[in-house]
Structures are given as C-alpha cells and as structure tokens.
C-alpha cells in the first residue's frame, strides 16, 4: 500500500485512547489524522500527548475532512447512531463502539446508511478477537466437541459502574450482557429464539432504585437447538471473571481467566494464586488491537468486516427481550421485540 | 457399645451391594443379618459370597425378624414407599434410597409412618457426604464467599440408561436431577420458590419417544434470594461430570471432578490429562460409606439423621415442577405442585 | 480358594496397624491369626480392638505357629533382618518393611534365607502401588514420553521426625530418601551408577548435631543414561510434597500431590486451594492396601512378588553411597559401596 | 523530557529487531537514529521497513555519531566486547546482549571501560523482567516463602540450534544455561560457590561430535546456603519449557509456562490443553520491552541499570566452571575459574 489509511476518532475517552494506541503501536499503515470530543480540552490534551495533529471542534467538522477514510465512533452511546449515520453519508467507513444504540430502529438506520453509502461498518465486539474465546470458537467450528448442546458464559465485573451511568446505559443487559449476547451468537453460530431471565438486585440497592438489576441468570434457546446460560454479576469480589464452557455431542471445552502470572505459592496457611487480570482494559487489550487490525484489513483488502451491523443489531434485540422477561417473569420470544 | 446394631437389606442390586461392602469394611459395630430381593437367586448368591447368614423370601419376612434394628431399602423405586412404611410400622429404623417415590403423597406417607413409629429415617442423598461438595458447603457456611447469590451445578452422565429404565424411572428430573435438586437445597440452605426448565432431546431420539428429555438447563429461584442453574446431560462423551460453582457477595468457590491420577503429560502433539473417574460408583464410593456411617451414628447416638424425610420430599416436588415447566414452557412455582 | 491364607504380624505400631486394616477390609481371603510386639500391651490392645484372636509373647512363638503361612515384619528396622531370616527359615513367606536393614550384608542374608527356604519375599516399597506413580510408570513403559532422559523426584516431609529417631534411623538417606531411591530405580528401570549429593542442615541444627542432614539435592546417573535428581527436605511448611517429573525424548509427564478436595476459592484477598494430604498415611493409604493385595496374590498364584529382595537391597547401597558423597564432597560410584 | 533520547543499534538480526519494535511501540521518548550490521543489506532493509533514517557502514561510524546517546550491542557474541568498549570509550551508554563474551577477561574489560567513561552499562538478561519470574522474586524478597533453601530451574528448548552455532556459541552452558545462571543469582540474591554438572549428549550425536552436551543437570551451592538445580535440554518435544520452583523455610512458589490460551477440552479420548508458547520470542516478548524501558529509565533518571556488568560477568564464570565440571567429573569451586 503506497498511501496510508487515514482515520479520525470521535471520542477521546477510555476506549478512544485504546484504539489510538493500538493503531499507533501496531498499525503503521494507518494514520490518525484528527480527533474530537464533546470535552474539547480532553481531546486537545490527548492529541498533544499522542502526536495527533488535528483537533476538530465537533464530529461534523471531522467527517467533513476529505482526507479521512474512516471514522471510529467512540463517543457516548446516545450519540453513536447520529455520528455513524453522518459519517456513512459522508462516505466514510465506520467502526462503531457497542452498543450501537438502545433502539432497534436506530441501529437499523445505521446499517441502512452504511449499505446505501457502500461503506464498511464494524461493531466493537472485541471479545471475539480474544485468544481464549477464539480457541473455543475454533474447537466448535472444527468439530472437536461435536454439535453444540449447552453453552455456559460467565461474565462478572469487579465492581458496578457509577449509578449515574446505570441510569443512562440502558441497564445491565445493554451495557454489560450485550457482550455476552454477542459471544453466545458468535459461538453458537445461530440466532436466539427465546430468552428467560431470572434476575435480582443483590449487589447494591441503589441499582434497584435506578430501575435495574445487578445479578442475572439468562437462559437462551437458539434456533439450532443449543441452549445457553449466561450468568452476570455487577460485582465479583475477586475481580473480573470471564469464562466460557461449551458442551457438545462429542465433548466440551472450557476457558478460564487470564492472570498476572502463573505463580502458585504454598505456605503453612494454604495454597495461593493470583486473582484474574483486573478489568477489561487489562484482560482484553490484545483483542482491541486485533479487532482494529481486522477492521483496517477489511478496508484495505475490500473484504467484509468480521463484525457486521447485523451483529450489532441482534444483541440489542436480546437486551430488549431480556428486559421484558424480567418485567413479565416469563420466557420471551425474540419475535416479540422485532 | 456392647451389642452390635443389626440391619437387614432389601434389594441386592448395585446399591445394595455398595452398602453391604461399606458396612462390612468400615462399620465393625454393625452386623448385616439378612438380605432379600425379588430376584431371590441373586440375593442368595450375594449372601453366600459376602458371608451374610440369612436370606428371606421377601421383605415382609425380613422386617418381621425381631433381631433386626434397621432396614436399608435398596429395591426398585416403585417399592420404596411400601417397604419403608412397613418397616417403620414394624419399629425398624429406615434408610431409604432416592427417590423415595415419584408421588408427593407416598413420600409424605413414609415420613408420617416414621414419625408415628418414632423411628429414624434417612434418605440416600450420598453426594452431601462427598469430600468436594462438603468443602463447598463448609465455605458457604463459614461465610468465606459471603451470602450466596448464584449457584451453578453441572451434572452429566457418561451415557444414558437403558430406554426401559427411562420409561419407569420418572424421567431425567426424577432419576438424575433429583440429586442436583438435593444439592441445590443443601448448598443454598433454602427452599425453592420457582423453577424454569429449558430442555430438549439431543442425545437419543428414543429418549424423546419415551416421553423424556436428555439435556436440560434448569433455573431455580430460592426463597433466600439465591438463583441456581443446573445443567444436565444424559451423555458427556468424556465421562461423568460433577461440578459446582457457588458465587456469593464475598467470592466464589469451584469444585472440579476427581481423576484417576494427577498426571499431566506433554508431547509433540499436545498436553494431556486423564478423564474424570468413570461413573458414580468410582466417583462417590467414599460418600456412600460416609452416609452409612452417619446413619449408623444417628441410630447409636439417638441424634437426627443428616438427610431427613423432608429432604427426600422436596426434590420430588422440584422434579414435578420441572416436568410441568417443560410441558408448559413457563416458570412454575413450587406451590403449584404442593 | 477353599482355605484362607493365614498371616501373622510382627509389630503393631503404625504400619502394622495399616496392614491389619488393609487385610481386614479388602482381603477377605486372608486371616490374621496372630500378632506380637515388643510392647506386648500394645499388641494385646490392638488385637482386642481388631478382633485378632492370638497374641504371642514374641516373634519366635509367632513363627513357630504351623498354621501361619506368611509373616509381615513391621517391627523396628534393626530387628527386620533377624525376624525375616527366622521366618524364612521356618518356611514362612515374608513381607518385610523398608529399609530391610542398614547393612548390605544383612539384607543379602535375608535374600539368601528366602531363596534357600524357597519362600516369597516382598519389600514394603508401597509407593510403587500409588495411582499417580503407577501412571508415570505406565507412560514411560508404553513409550509415550520416549526414552527417559531426566527424572526429577520431589520428596519433602511436613516435619522432621524426633531427634531420637534420626539418631537410629540411619539418617535421611536411609529412612526417607530410601523411598525415592526405589522410585528412581522403578521408573528408570535401570540401576544407579554414580551419585552426587549436595546437602546441608537447614531445618533444625539438632539434626546436624545428630550427624545428619535435613535438606538434600541428589544427582544419580543411571546405567541406561537417564539422569535423576531427587530433592528432599525434612520440613515443607505446607505439608507432604510428593511429586515426580519424567522427561524423555518424546515428551514429559508430571504428577502433583493429592488433595483433600478439588475446591478452589476466590475472594477479594486472593485465590486459594487446599494444602496436600497431610502425610503418608493419608496420602498413601490406598497404595498400602494395593501392595498387600499383590503380596497375597503372589502367594496364592505362586508368581513372583512385585518388589523383590534385590529391590530392597539396591536402595541401601544408594543410601550408603549418598552418605559417602556428603562426607567426601564428590560423586561416588555405586561400585565403591558394593 | 524535552529532548528525545537517541540510540543506535548495532546488529539487525532477530534480537536487534525485537529491541527496535519495543522502542518504537512503547518508548515514545526514544528515537532510533541509526542502525548497522555486518550484513549491510539486511540493515538497510530493516531501516527502510521500520522508518529508521540512517544506516551506517559499520559500528565505528555509528558510535562516532555525536547525536547518539546510547548504543545497543546486538551483534554476534564474539564482537560484543570490542563494540561495547568502543562505544563506552566514545561516551555512549551501552546495552549489551548476553553473553557479553566467553572470556572473563574481556567481560572485565567491558566493565572497566564503562566505569572509566562513566557511562551506563546494562546486560540483556531479559528474563528478570518476565511477569512470572518477577513474581517469584517478589515472593522470595517479601519473605512469603522464608529463607530460600532449594531452587529448581527447568529450562528446555524446543529444538537444538544449528550445529554451526553450537560450535561457536561457547556451548550449552554459554548460550543457553547462561540465562539460568543469571536467574539463579537473581532469585537467590547470592553468589555461587561450587557447581557440579551431570551432563550427556542425548538429543543429537552431532552435538557431541561438536564437543558439547545437550542435556544437563546442574547443581549449584550458593554462598547463602541455598542449593540450586538447573535442568537443561536442547530439545523438549512439547516445546519451550521455562519453569521455576523456589522452596524455602516457610513455603514454596512455582511458576509454570505461558500458553496461547487457557482452553482445556475433553472428549471421549482424553483431556487436552495447549502446548506452551513456542519459543523465546513468543514467551518473552514483554520482558524484552520491559528491560528496554528500564534501561531507558536508568539513562533518563541517572539511576543504576537493573542488570549490571558484574551481572554479566558472573554467569560466564559459572559457564566456565560448568564446563570444567563436565570435563573432570567433579564439583568445581567458582574460585577455580576466577
């Protein structure tokens, strides 16, 4: 490639910074030309620190830049759809963080805009690119464990987000389980048919007062027959807990967490080992870089992105159905929210 | 103790033999005076082989023997209640295999008979006495993991039973999950309120034709707030799979399977270890001995048995509710089957 | 078998009791007719407790009993040879605890006596019958790891024996490493050629004052080319540590310890698991039963015993060479002590 | 820091490239101004590919560049000393790959040159910066396992180097064990007193013909009393094997390998997991970056480098003593080679 691919990043919060660093450190064929953020000072500070030349006043300026080939949408969830659509309309390829939006209609609008403009769209479900989950996928796909029958996903955070975030995030199913919904689709290779949720507020009453739950057992039936259970908690005392077990006609595969070291030490009082890597930045850093590599590769080679707009849409429906299941205390078909 | 405790065993099939050997090898204070079985030849052969002096023609003769202090009911499930009630009425202490019976009424009748007669009654939920499950119980009870929030039980058999057995056993929830229902009650220390089952026939169509399922994900809400998921399969290609994970406000505890050895070997083609101990006789042999010890101890010391008639009753209700959930595709309250 | 095999046990200390229980619980074809011990009260108490009918005043009376087919020599080490020789001369099969004796000449005399009398002789190297070590042996013998190149044996006790015992036991190489010497021979399937020991007194100065070491790294070259390292400590703070790693041309196999349960628990302060089974009685109980079964089987079937007199002799030579290596600070050839 | 630190790299082989990438990706405060290599084409290609502006014709030109603050010596071992001394004399800080040289005198000359010039010198013992080894060091240093008594280091390569390399590398003790010698010093925090090696040629006869061994068990006594055993093999069929166990008065700590994923899969034929990360580039990539960070940090902050010239010297002495032990079949004191 003679010319570098040029990207602009909208949003210089935590995840925007992660993508900046992945590109700078591992994607020499990409240039980050410009950033912007509704907190302009923060954008300016980050640009100065990381050597990005241009800071635009708003996302509209950024997508108006004719040199920019692709836009990374890393702003707050409520602005994703608007920016992604505008970027697509301006002919930019779009990488959009998850969830695309809390409404099915808006996500569909993003997909439609990208299709109409003929630009690539990738959704930020980074866990698909993690070494552990990839290995599970490989062992399912190559037939090692036979037809998938039971899928168990454990996904627990080390501590709940601020209550203010809970109030606007769309709740646990939209801001946390969304990743697990995607993982369930990814690993089963199928679409959900029905969902049932047993949930409660066990971690912090303030979460319940904000109208959300913090602990959930989620059963999903997939069209190919597989049954999946996801267990979520907003607070695991021992840290970030991200595991999967896939059970099939010919066997099972389990993945555990990643740890700071493999050390096991034994004393008079017991046998000890390390707690898991603390949170998603520590645990999934490599997967963020890998998803960006594959996004860039899709743009350069003209192939499909590995996580499509449709992949961004389906988990939203699962989130809506999960909420309905909690509200009505019964299994809910996906068709009820479509 | 000057005088030995004298027991009679009704049923000399697999489990009757297990109890015989536990007593002979590890309970010198107990004498097995007599056995019987509807297959009398089998009873005679076993008695000869194991040095038991008397073989009665039927259970009625056995419970009429005034020297017998306690009766172990190890016959087929459909005869448990009749024999247990008769034994209690004759003033014998009763150890009854699980499930006591498939009907709530009959189990209640057994409990009532034992209460009226003032005899001890213990139900054969041996897994409570297993080293791994006991450790989980200990760590829950001593507060190490805090208030229990999520309980996950994996229980998979190496291969399905004969179809003829499936037809009369009461189905997967009565003959297999019954142990997991008991374990869930044991570990939560609470009673179930509601159950939801996502199940299917994935292992063998003949099981479906017999009106049963062979794969199930079972969600149970307990009165103390804990949520439990049990996953069952009639056939795990790699063998008997018996694990628990208990997650609470302060941490979690996990137990894995037991293995023939701790060996791990590594070659050019990969890293290998042993499959789990094959089936329940290999896996739970020590727990069978321990439950018998504690039964005998309760008789000798006059204390309560560790697994009561009520403990035998509740899993039956859970089994009935589970069936109803499958049939009606909805969560079922325990009160609906009481 | 119509007639039971009849045995007498000389020595009713810890190991004599272990063998009594193995036979009573698992070898119905064997009758323990008589016991004796230099502490006669102890022998009488044990006989009463375990239902053994006869207590002889000394080992000579016991071996004079014409009904006794085999004698288990479980007395203190300094009496092994005398009793074993007398028993063999009386035509009794002999099971002798390890070490047979601290002198090569006496062990050879025991072997000669058994050969002359045409009786079976088995030495009590029970670890060969342990599930973990057996698996290592199997994977070496079936070629899984290829030709053995490096063998690493870890053998550490939870705490040192009383100083009085250290003074008479022959020292660490004779009372503790003796098992590891046997294991090295068993696993390599070869004889030692040269030994080098780096040792020190690190655990308790009193052990040094008694003329012994308590910590040792022992290198052994075997005739088939394999190199072996044994590391010993009289005191592992976390308990009994018994592991092996065998490395060969095609791979390796490692075994770890056995544990009271498979539980792993995680809290805010870390991840925990159980310490190993405390000491040899907990860890090796099954292997004691297995060695006794195979001894009895050899007697009944007329086959060779699985641990011969020669197997009892070689570790003694290794122990003597190890002592010499410590004293002289150099590698010592086995031929120097033969 | 206003001005960037400027470095030049001598040698653009494998390790030179690793350091280039570490600096480019993770050390924005450092500029790589120039490279050189005796294979100039290779240096030019790498410079073009990685955006390095200058390629000098030889190391003398490079160290003559007044803008260069520090030189990374990544050339072949036989040239390390000459280049490092020249760089020091030119007032450049020096990072020198291991082994510095195969002769004690030359290493001492490098140390003297750096001292005289007042420049920093760091030796490339990267494993000290690895997450696993660091954790062992931490648990030793903070007293968790008490005074160190036994240290066991396993270090096995996936396959032997080319015979041509073996002939010039100084042999296994200089090119492979050198890392383990450093690790033993690092973890014990002490200096070696005596070494004994049991070694042989088991992997490839050609290695023996080249005058080297390929399998070794190395015992080292340290001045603080700790005893260490290193086991080396040029060929582990299952891949790169890098483990440590440290045993002390209060406990032990063990580290295992790193793996591509945490997946464990179970089928009818067994239980499987991944082989270790293939070789040192995969296994130690993070540690190479970390050592470079700490080198740069020492230059910027004016503090001591974490791995000094003396740390480069001592393993050479151990290597020489190891060779002598093999040749003479006896323990060799370090003082014999000083």
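Every chain is named by a letter (A, B, C and D) in the order it is written, and numbering of its residues begins at 1.
Rule of thumb we're sticking to: a residue touches a chain if its C-beta (ideal position, glycine included) is under 8 Å from a C-beta of that chain, and two chains touch if they have at least 3 such contacts.
For clarity, every value in this text was computed on a predicted model and none was experimentally measured.
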Pair sharing more residue contacts (C-beta pairs) when B-D is set against A-D: A-D
Copies chain B and chain C touch via same or different residues, half shared test: same
Chain centre separation in whole Å, for chain B relative to chain A (CA means): 43
For chain A paired with chain D, centre-to-centre distance based on mean C-alpha positions, whole Å: 39
Centre distance in Å when chain B and chain D are each reduced to the mean of their C-alpha atoms: 58
Junction residues of chain C, two or more chains touched: 237-238, 250-252, 266-268, 274
Residues of chain B touching chain C in the complex: 25-26, 28, 51, 131-132, 134-136, 139, 144-145, 250-258, 260-268, 274
Chain A to chain C touching residues, read off their complex: 237-239, 266-268, 270-275
Chain B-facing residues of chain A, complex: 146-147, 149-150, 152, 156, 196, 198-200, 202-203, 215, 217, 219, 221, 225, 227, 229, 231, 233, 235-238, 241, 247, 249-252, 329-331
